[in-house]
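Which chain is which? They are A, B and C, in the order written, and residues in each are numbered from 1.
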Amino acid sequence: MADDPQDAVAEPGRMPVAATASAESSVGSESSVGPASSGGSTPGRRRRTLHGGTSIWVALLWLGPALLLIIGVVVFPAVQLVRAAFSKYSITGLRLGDAGTTNFKNVLNHSSLTTVLANTVIWVVVVVALTVLISLAVAQFLAKDFLGRKVVRWAIIVPWAASLVITAKLFTMIYDYYYGTLNLILSTLHITSGPIDFLGDDRWTMASMILVGIFVSVPFTSYVFVAGLSAIPTDVYEAAKIDGARPWQTYWRITLPLLRPAMVVASVLNIIYVFNSFPIVYTLNDRNPGFLHDTTITFMYKLAFKSAEKDVGMSAAAGIFNVVLILIVVVIYLRTLKWQEQED
Amino acid sequence: MAAMTRVAPTRVAPATPVTRRRVGWARARRYVLPLVGLAVALAFLGPYIVMVLNSLRPSSDVVQTPPTFLPRTWQWSTFGDVLGDERFLNWLKTSLLVATSSTIIVVLVAVPAAYFTARFRFAGRTAFLFLVLITQMFSPTSLVVGLYREFFELNLVNTYLAIILTNSAFNLAFAVWILHGFFSSIPKEVEEAAHLDGCSRFGTLTRIMLPLTMPGVVTAVVFTFIAAWNEYVVALTLMLDDAKKPLTVGITSYVTGYEQHWDQLFAASIIAIIPVVILFAFIEKHLVGGLTAGSIK
Amino acid sequence: MARKLTALIAGAGAAALVLSACGGGSGSGTADKTGDSAKKVTSIKLVAAEYSKDHTAAFWKQFAEKYKAKTGITLDVQVVSWDSIDQQSSTMIQNNNAPDLLNLNVYASYAKDKLLYSADEVLSPAVKADLLDAFVKSGTYQDKMYGMPDLSSARALFYNKDLFTKAGIAAPPKTWDEFEADAKKIQALPGGNIGYAMPLGPEESQGEFSIWTFNNGGDWKTDGKWAINSAKNVETLAFMKKLNTQDKVTQNNPGKTNRAQAFDLFKSGKAGMVVGFSPLAGALDTDKKVNYGVAPMPTKEAGGTPQTFGVTDYLMSFKKPGNQAAIKAFYELYYQPDQVNQFIKDEGFLPVTKTGLAAFASDAKLKVYLDTLPNVHLTPTDDPTWDKVKLAVQQNLGAGVGANGDPQAVLDTLQKTAESGG
């Protein structure tokens, strides 16, 4: 079953290579066409191309609307982005002409680029890693049956349901040095002697950002894992119990490997979302000048509107770098997983 | 394993240390788990409790130094004021319209697409699925200028259609991915049986496959609705009329550089969360089993 | 040949590329799609900044109704928050779809790009004569006026009378030495008070710095040339750093505090002094919690004339075929005393016209600002380079007053930015 090429696509880990192989191999073979080929008297379109695959027009009928939306709403603006990256702009936004590769060079030579890149790496790695770990624990907890479980499940939805902009503004107030709730709680519990500048003190800023990043990512990740856990058949656990496995051993040797596909889905999605996350980083750094705690996404925005450069072309070039960066990261991640799988 | 020699193969075990531990835990768990549950719930609700308290005090009390946990003066009128504000009601209506429409479109478009890619071999299938993944990687912030240009050329700036289409497209990738996994995991025999009974392809899809993949559909619905409900950057750029702004954009009016109405901002935000929680409460039971059922065999 | 669908997808992508390349520069967006400049428009668009939730949208709504009744032209108003108006206007201009009117805090770069109408083309001589000279000057680029002022504000020193009494300070300070001493006295009071709340965060550090350095005889430009790192300016920034790091009479981290937070501290009764303006006074009057007074800024030396720092925002108009008459009618209506002064009064700001000065003179609270308004000192908004310098100041000035701040170095960098044309 695991070799079924169709299912390879459902497991993102195998998508790039295995699916390609299956697509190639399927072209010539008749048996891999869907159930229609085995049914005798099916009405509906079964026309085959000369090569035995499904007709291109049929494909278009089913995929057409999706393709149209994606090309219209994502591909077209993406092309605009590329054009903008090669253009020269005035501070007002007026296009002045072509710029060749100047914008790209300017971004690469920017004095804050290394800081921003380092911040992005820390931000993505720490948030995703901790989110996955915490979500595993939360999901495990939610899978148990206890009084009030429903309430807890609803409570976890709230950070997901609230808009990121509002949550970020809320945390800006909670973290405030003078009127922030966090400092109030810490001093009431006598954990700290004086207020901490969570957002302004350079030692604390990144940690404060990361906490909020994890806070908003755990809800949906937990649900991914809850779904994953519920798909594991209970006889597996019973067998383990009979063999006398302790809870930790069961978890480590049975649950986690079976949760692996869910973990892949969760981590890939999280990497993309956290990398592209704008409101949290931007709002929490609202009072901080410069780029000291920015990630590549807020860097791109500030280049266009808030920095001394105020250059839309440069911002577009940074945007292109961002897409290339996240693409490379995701592909490398998926390839590594596939490689690890083969090693096992 | 050491444990093996001590525990008998049958369930009826003598009171060895391991089983005694297990029994003790079973009793304590009735009390411990709800307490842990409370702690977890508080951890996630905590900041929003602060938000609720901030909406029940005057704006000046919110930013007063030194702060107090409970309001110094309780102000109960804020929610009423916000709900009575015509501008707010317009924003709410827009958000409901946009989120619901986008969700419907996503389901209508993603289901056939995912079904087709799951079931059929065709040249370019990989390309399509990869394209779908790549679209997730573009940050809306970088696409917004191009989107404005495109809708401007089509004379669709400041129309609901523009942001509905945009939200649909942005969430399509996730929906297709999720549903693809689901459709792939349904055994072919089910469909074959339907065909033998004379079902058309479309009939099979709607009457047999869809009910089986309901958790996937529900997952796509929840994700899309929340994403569209909370979308900010594109709506900010494309919607010019105040009445056509969704909540996320509209509520930024409450706090400007010159006048800050924190109480109203937070009250409005709480009201904005409620529709999502209601939606979730209704369909929550279908959600479990939604997210990865396709990839676990 | 086998990869037909892949080819199709690639082809569609290429088509999108071609389409977008072709679509460059065209498109009108107004109801009247015409290239014939003789044909008049039937609607114009205004992008207005949102000063307040309750007043801005309401004012423009009634204005649009009156405008339509008078001219028959529809006025589409888009109200955008200050946080996003830069992004919004840039997006529109990148797509060659500038609005007809834009309400922003700068204008000179747009004039430089030859996008705007000058006053000669759209402002009646009577209206122009009524505008206060300081604002006409700040709205003039290369001898032509492009930036029409919509409202103005002026800063003054707000002080907490109760804290002053407790600290034994009889009157608000007139010199910097007095100021420093007073701040120290308030800081020394028990109860965690702050001598002076100093916002040098990225929102408006150029404003805070301006008002201090103007009262030291410093300025951004001298004789038409950039002089950001002049001796007087460095002295000012060094003094501000001293207040923070040596005297420790400011709130925590001034380089990362924005105006609203500084005001919140003053409104809480925690800060003894802050540089404020009329909206702050309005808020204080509503809350009735702080017994406050307003005084002119202290000057460096004794006997100096206090300088008022003023700000005006601009309503600029874009050249588009057929909209000149409509724009003219807009300004005509806007500068009617019942419109412009109503707007200013609702939002709690200061007038921009001579008739406005007279109209507001009856308000005793505003006297301290109105007296100095005709001679108000502004930042060099008439220089397009300022648009970039201002951003550089916002991002860099705050660091100069921190523990490791170097005022000379910071101002040198800013001077370099200004001299390189931004």
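Assorted remarks:
Quick note on the criterion: a residue touches a chain if its C-beta (ideal position, glycine included) is under 8 Å from a C-beta of that chain, and two chains touch if they have at least 3 such contacts.
Here the structure is a predicted model, which is why all the values come from computation and not from measurement.
Counting C-beta pairs in contact across A-C and across A-B shows that the higher total falls to A-B. For chain A, the chain whose average C-alpha position is most distant is C.
Separating the CA-averaged centres of chain A and chain C is a span of 39 Å. Taking the mean of the C-alpha atoms as each chain's centre, chain A and chain B sit 14 Å apart. Residue positions of chain A touching 2 or more other chains: 27, 51, 53, 56, 59, 63, 67, 76, 79-80, 84, 178-179, 312. For chain B, the set of residues that touch two or more other chains comprises 63-66, 122-126, 128, 131, 144-146, 149-150, 252.
Under the contact definition stated at the top, the residues of chain C that touch 2 or more other chains are 2, 4-5, 8-9, 20, 87, 91-92, 94, 203, 261, 264-265, 268, 270. Against chain A, in their complex, chain C makes its touches with residues 2, 4-5, 8-9, 12-13, 16-17, 19-21, 86-87, 89-94, 96, 109-110, 112-113, 115, 201-203, 205, 251-253, 255-258, 261, 264-265, 268, 270, 384, 387-389, 391-392, 394-399, 417, 422. In the complex of the two chains, the chain A residues touching chain B come out as 1-2, 6-7, 9-12, 15-16, 19-20, 22-23, 26-27, 32-36, 38-39, 41-45, 51, 53-54, 56, 59, 62-63, 65-67, 69-70, 72-74, 76-81, 84, 138, 141, 144, 146-149, 151-167, 169-171, 173-174, 178-181, 184-185, 215, 218-220, 223-224, 226-228, 230-232, 242-246, 249, 258, 261-262, 264-265, 269, 272, 276, 278-279, 297, 300-301, 312, 315-316, 319, 322-323, 326-327, 330. Touching chain A in their complex are the following residues of chain B: 1, 3-4, 6-7, 9, 29-30, 33-34, 36-38, 40-42, 44-45, 47-48, 50-51, 54, 62-69, 108-110, 112-113, 115-126, 128-139, 141-147, 149-150, 165-166, 168-170, 172-174, 176, 180-181, 184-185, 188, 191-192, 195-196, 198, 200-202, 215, 223, 226, 229-230, 232-233, 247-248, 251-252, 255, 262, 265-266, 269, 272-273, 276-277, 280-281, 284, 287-297.
Only residues 60, 63-66, 87, 122-128, 131, 144-146, 148-150, 152-153, 155, 157, 236-237, 240-242, 252-254, 256-261, 264 of chain B touch chain C when the two sit together in their complex.
Note for the complex: chain A touches chain C at residues 24, 27, 49, 51, 53, 56, 59-60, 63, 67, 71, 75-76, 79-80, 83-84, 89-95, 176-179, 195, 197, 199-201, 286-290, 304-310, 312.
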